[in-house]
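The following pair of complexes shares a single chain, chain A, combined with chain B in the former and chain C in the latter.
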Partner chain A sequence: MSLSYPLQVVNLLAALLLLISFAMLSQRRVVGLITLFAWQGAALAASTAIIAWSTGQHHLYYSAALTLILKVIAMPWFFYRIVRQLDVNREVESMLNIPTTMLIGIVLVIFSFNLALPISQMAGTVMRSTLGIAMACVLLAFLMMITRRKAITQVIGFLAMENGLFFAATSATYGMPLVVELGVALDVLVGVFVLGIFFFQIRESFESLDLKHMEKLREK
Partner chain B sequence: MSTGILLQIAQTLIAILLAPLLMGWVNQCRAWLQGRSAPPLTQPYRTLKKLFHKDAVIAHRASPLFRFAPYMIFSCMVLAAGLVPTVANDLPFSPAADVIALVGVFALARVFLALAAMDIGTAFGSLGARREMLVSFLAEPALLMVLFTASFISQSTELPVIVDTLAHREFAIYPSLAFAAVAFWMVSTAENARIPVDNPTTHLELTMIHEAMILEYSARHLALIEWAVALKLYVYSALGIALFVPWGIAPQGDLAALPLAILALLAKLAAGGAALSLLEAVFAKLRLFRAPEFLGTAFLLGVLGMLIHFLLEV
Partner chain C sequence: MEIYWVLGIPLAGGIFLALWGNRGHAPEINALFSLATLLAAAALAARIVAEGPLLVGQGWFFIDSFNVFLVALTALVAFTTALFSRPYMRIEKEHGKLTDARLRLYHSSYQVFIGMMLLALTTNNMGILWVSMEGATLATVLLVSLYRTPASLEAAWKYFILCGVGIALALFGTILLYFAAEKVLGSGGTALLWTQLNGVKAQLEPTVLQLAFVFLLVGYGTKVGLVPLHSWLPDAHAEGPTPVSAVLSGLLLNVALYAVMRSKVLVDGALGTDMAGNLMMGFGLLSVVVAAFLIKRQTDVKRMFAYSSIEHMGLITFAFGMGGAVASFAGLLHMTMHSLTKSAIFFAVGHATQKAGTQLMDDIRGLIQTNPTLGWGLMLGTIAILGVPPFGVFASEFLIITTAMHAHPWATPFLLIALGVAFASIFGKVQPMVFGETELPKLPYQPALTPVFLHLGLVLMLGLFIPPYLATWYRQAAALLGG
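Showing the complex of A and B:
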């Protein structure tokens, strides 16, 4: 351990990202999932800001701010609203039971740590050892998308995957100003996705909850 | 050497005497958080005193094991309290057992408790014993994984070396310990019969685990078991302090650091007890068949901690 303290904090935040990814895998309620997603965004924003501060890469400040605004404030707020309006905060039904999912998760983590080891040795950044964690986050979010049935949890899984990708980009190549543009572009994409699923959700709930639900909507 | 032995005795005595106080503090915090008026801080001492003055009632069919078990459980917990450094580090008794043996000491106490619970042959006793075994055989590997994570960092399974590495070397942030800390909290709720795995205040047959096992005990036997439970909570808190916030424990042979070490210990125990009761207030008790999932998660977090150690800290 010869890293400087800011980088140690980034390592800690990276570990936290992975921890939150696992917590999301094991979370049964949609609202809890959204809260965890917001925390993941917060950890990501904090780590990006610390990397920006400690390496002097000023453009990373923009991406940190972007993450903070979009993924910690705007999107969770949006999701909370959807959940409240559609009343979908019951237990998330998953294809596999939770312990099996967690076991697969551990295998994915070992796989991605091994995979990232040779790659991270080629990267020239100080943060290269966290690349394995970023890959693990991507794969875990992937796993969540596969094992969950509800559209809203799948979107959250997709966003969590984007978090992982963002972290991978920051830890492997912070020198590229492209990272900012990549982040923005992906976020816009995600926004479109969210809206698409939003309409899909309404359609789905109208099919299942028909008149009663429409009355509730009209009252508001 | 003689100061070492004196310190060892003093540290063990502090543990035995402070343990009911810690229990009282946790109960008090819990009562405040639930909006009840809290029992006094010294309530566990009064309960113990009351129990020691009563006459023991023992079932006709009880074997000698039933009478012997409380003494065994209590002495196991005293032994464990002697092993974990709380005030001073590297005392003469600590080379006797490393963290793996410490887990073994806990297991020994648990086996005796379960045997004594089944000894009388009531339905509740064997029900509690089975549940306890279900929970603890899953909690034990998770606890070992937590301890292994700390052992990998300090390259030793001896608790004094772990404390020395974490507290007195150059300060470093270990991300793996963040995982280990969460896993440790989960394991310690299971091992100490706290919410979310077990509820220490309930006597409802559907949910109780620990209380079902000690239903048949009374008077001095019950007092010893209650005291052992308090000691176990204290030892787990001390273990958590030694692994995750060891700053303040006096290094070997440093007598001048002792008063500060005692103050630090009291402050950390107070904060830890408050945090425990807060977490108990926040979480709901799990169904019994959710407990394996909960402890499986603890185990996975422990394994993840080790993986993170190899990725980030080697």
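Showing the complex of A and C:
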């Protein structure tokens, strides 16, 4: 089966998304993580735009533009600023060592391809095969959230998870209805804003963004 | 038309109070906006009772007996909590725990939070439901950390991250739902409208919906506080200001469960099996049992009642999971009873902890001596939530357990043991708090306890006598849930 040219580019970008997810798992520095997050957003925006162009789904142009503005420009800029102001760009302390994390990551990818298989067979979209990749991105971001200790890396993990979900929506159904997508984008924006305030509060009280100080509340 | 008032007033209130700031009378304005919301909600409820389900705004809003009852409950508890928070927050400020800027944030976010919950309840679009649930979380994150103590920051962080991950899973569930719907309804804005989905639910792809429901249940279930996804809940309830604990426990948990129920109706229609109900029963029963045994180990009074909320939400989830007319009726009744009683308890506990300057139960003693009204308020609230007749909680718990005996006898011993353990632990801990010996002087001011007795009065009334129109209303709502 030969694939059309735009579709090949989309598949390439999907592979890139997965690669970036793995790179994020192995990245040790916060600034490097933010750069990778920006690249992931860029790959997502590009693939959404290409899908919009090749299938004539015009509303996807808006989502691509939203992704570009929010996740490639606004949020990375905001995070860079926070990192500079709070001076947290030291090595990221991971709870598991990196090779182990990577191995777990590979298992997750296999699992998500298996999970996505029955669904993607039902999908009527041209890039249904990328659904597995989208799910893998979600799970890898989830893994990053679990294994990292710093508040800011957890948030980047959360946003990377959102990227994966967004990609899943695009590849399974050409995206959600526009009003829902706008709502989700608004929520994410407000969420990041709230977190910005929050980082400063945490920093003020603990003089660090390391979450190991935040383990007082648990069942005795 | 009323629906626009119900949604518009709190959102306008949020903006107004953010601009108004600390110019004085902000707590009164907050209460006024809540009162206006309550009146609008009452008008809406009256219209639904008279005219039946309503689809307005080109199908964007859908109100039937199920959600209008929650709208009315939300508006009522929001209003009484605003009344309670007026003197409570003033004293917190006098104690130097809050500043003007933080009170401004509090009042503004409070209104936005109520508005978001009402939007989640009335919207017809499963996507907007998701958006407003997330909006409600975001509005309360900074409220949980309002005191800026290390513990409150930790609690707020946990709340944000755990509910964030949960809600992300729910988004995936929503995407899957849209994926299934798009095949039948075609793409575009209407494919996520609940009324449309409900019309074609038998044609939706069962395998996809099955997976979607698992994600939706786990996602929204995190917000309901179902075990094992509950760990944010006691922290957020214990560390946030008491009015926030009252609305989180009394309202947000209900709204999250509402989202699960809307999804369940669709999945049941598509699958024709009990898969969704069984999952809910499992999660519900686990929550009841685990929470009951954790209550025993608590030393902080707000944490203890937070675990009691998990227990009761588990019981309601279990009732809805059983399905059928009687169980759904009991679930709805229990939802009402729990919201009213638990917020009343938090009001009383708020005054007690404020007076004692601590939340540790060992250090709170002899409330009946320092202020008899407060002592009796807490005692009666506790007795009510523990399911002692003639309070309404007894009626709903009795219905749930008798239904379980018929339909699922294996579950009854677990429920009874858990309820017994919870009863013994909570009663054993509250009793010395109220009747113990104390050296503290009498309370210098009269606490604002009208909301407490108003709520308890309603619970008592509903325990003795449910007015016929209310019973019809519950029955209609139960029928909508597949009774």
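Assume the second predicted complex is superposed on the first by the 177 of 220 C-alpha atoms of A that agree within 3 Å, B and C clash if a C-alpha of one lies under 4 Å from a C-alpha of the other, contacts with A are read in each partner's own complex, and residues count from 1 in each chain.
One rule holds for everything that comes next: a residue touches a chain if its C-beta (ideal position, glycine included) is under 8 Å from a C-beta of that chain, and two chains touch if they have at least 3 such contacts.
Here the structure is a predicted model, which is why all the values come from computation and not from measurement.
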Touched partner set for A:Gln8, first chain B, second chain C, both or neither: first
Chain C versus chain B, contacts on chain A by residue: C
Partner chain in contact with A:Ile104 - chain B first, chain C second, else both or neither: neither
Partner chain in contact with A:Leu165 - chain B first, chain C second, else both or neither: second
Chain B versus chain C as contact partner of A:Ala74, first or second or both or neither: neither
Partner chain(s) touched by A:Val31 [first = chain B, second = chain C, both, neither]: neither
First (chain B), second (chain C), both or neither touched by A:Phe142: second
Footprint overlap on chain A, where chain B in one structure and chain C in the other make contact: none
Footprint of chain C on chain A - complex, ascending: 118-119, 122-124, 138, 142, 145, 151, 154, 158, 161-162, 165, 168-169, 172-174, 176-180, 183-184, 186-187, 190-191, 194-195, 197-198, 201-202, 204-206, 211, 213-217, 219-220
Chain B contact footprint on chain A (complex, rising order): 1, 5, 8-9, 11-12, 14-16, 18-19, 22, 26, 98-99, 102-103, 105-106, 109-110, 113, 129-130, 132-133
Footprint of chain A on chain C - complex, ascending: 125, 127-128, 130-131, 134-135, 138, 141-142, 145, 148-151, 153-158, 160-161, 164-165, 168, 171-172, 174-176, 178-179, 182-183, 187-189, 191-192, 205, 207-208, 211, 235, 239, 294, 297
Residues of chain B that touch chain A when the two form their complex: 172-173, 175-176, 178-179, 182, 292-293, 296-297, 300-301, 303-304, 307-308, 310-313
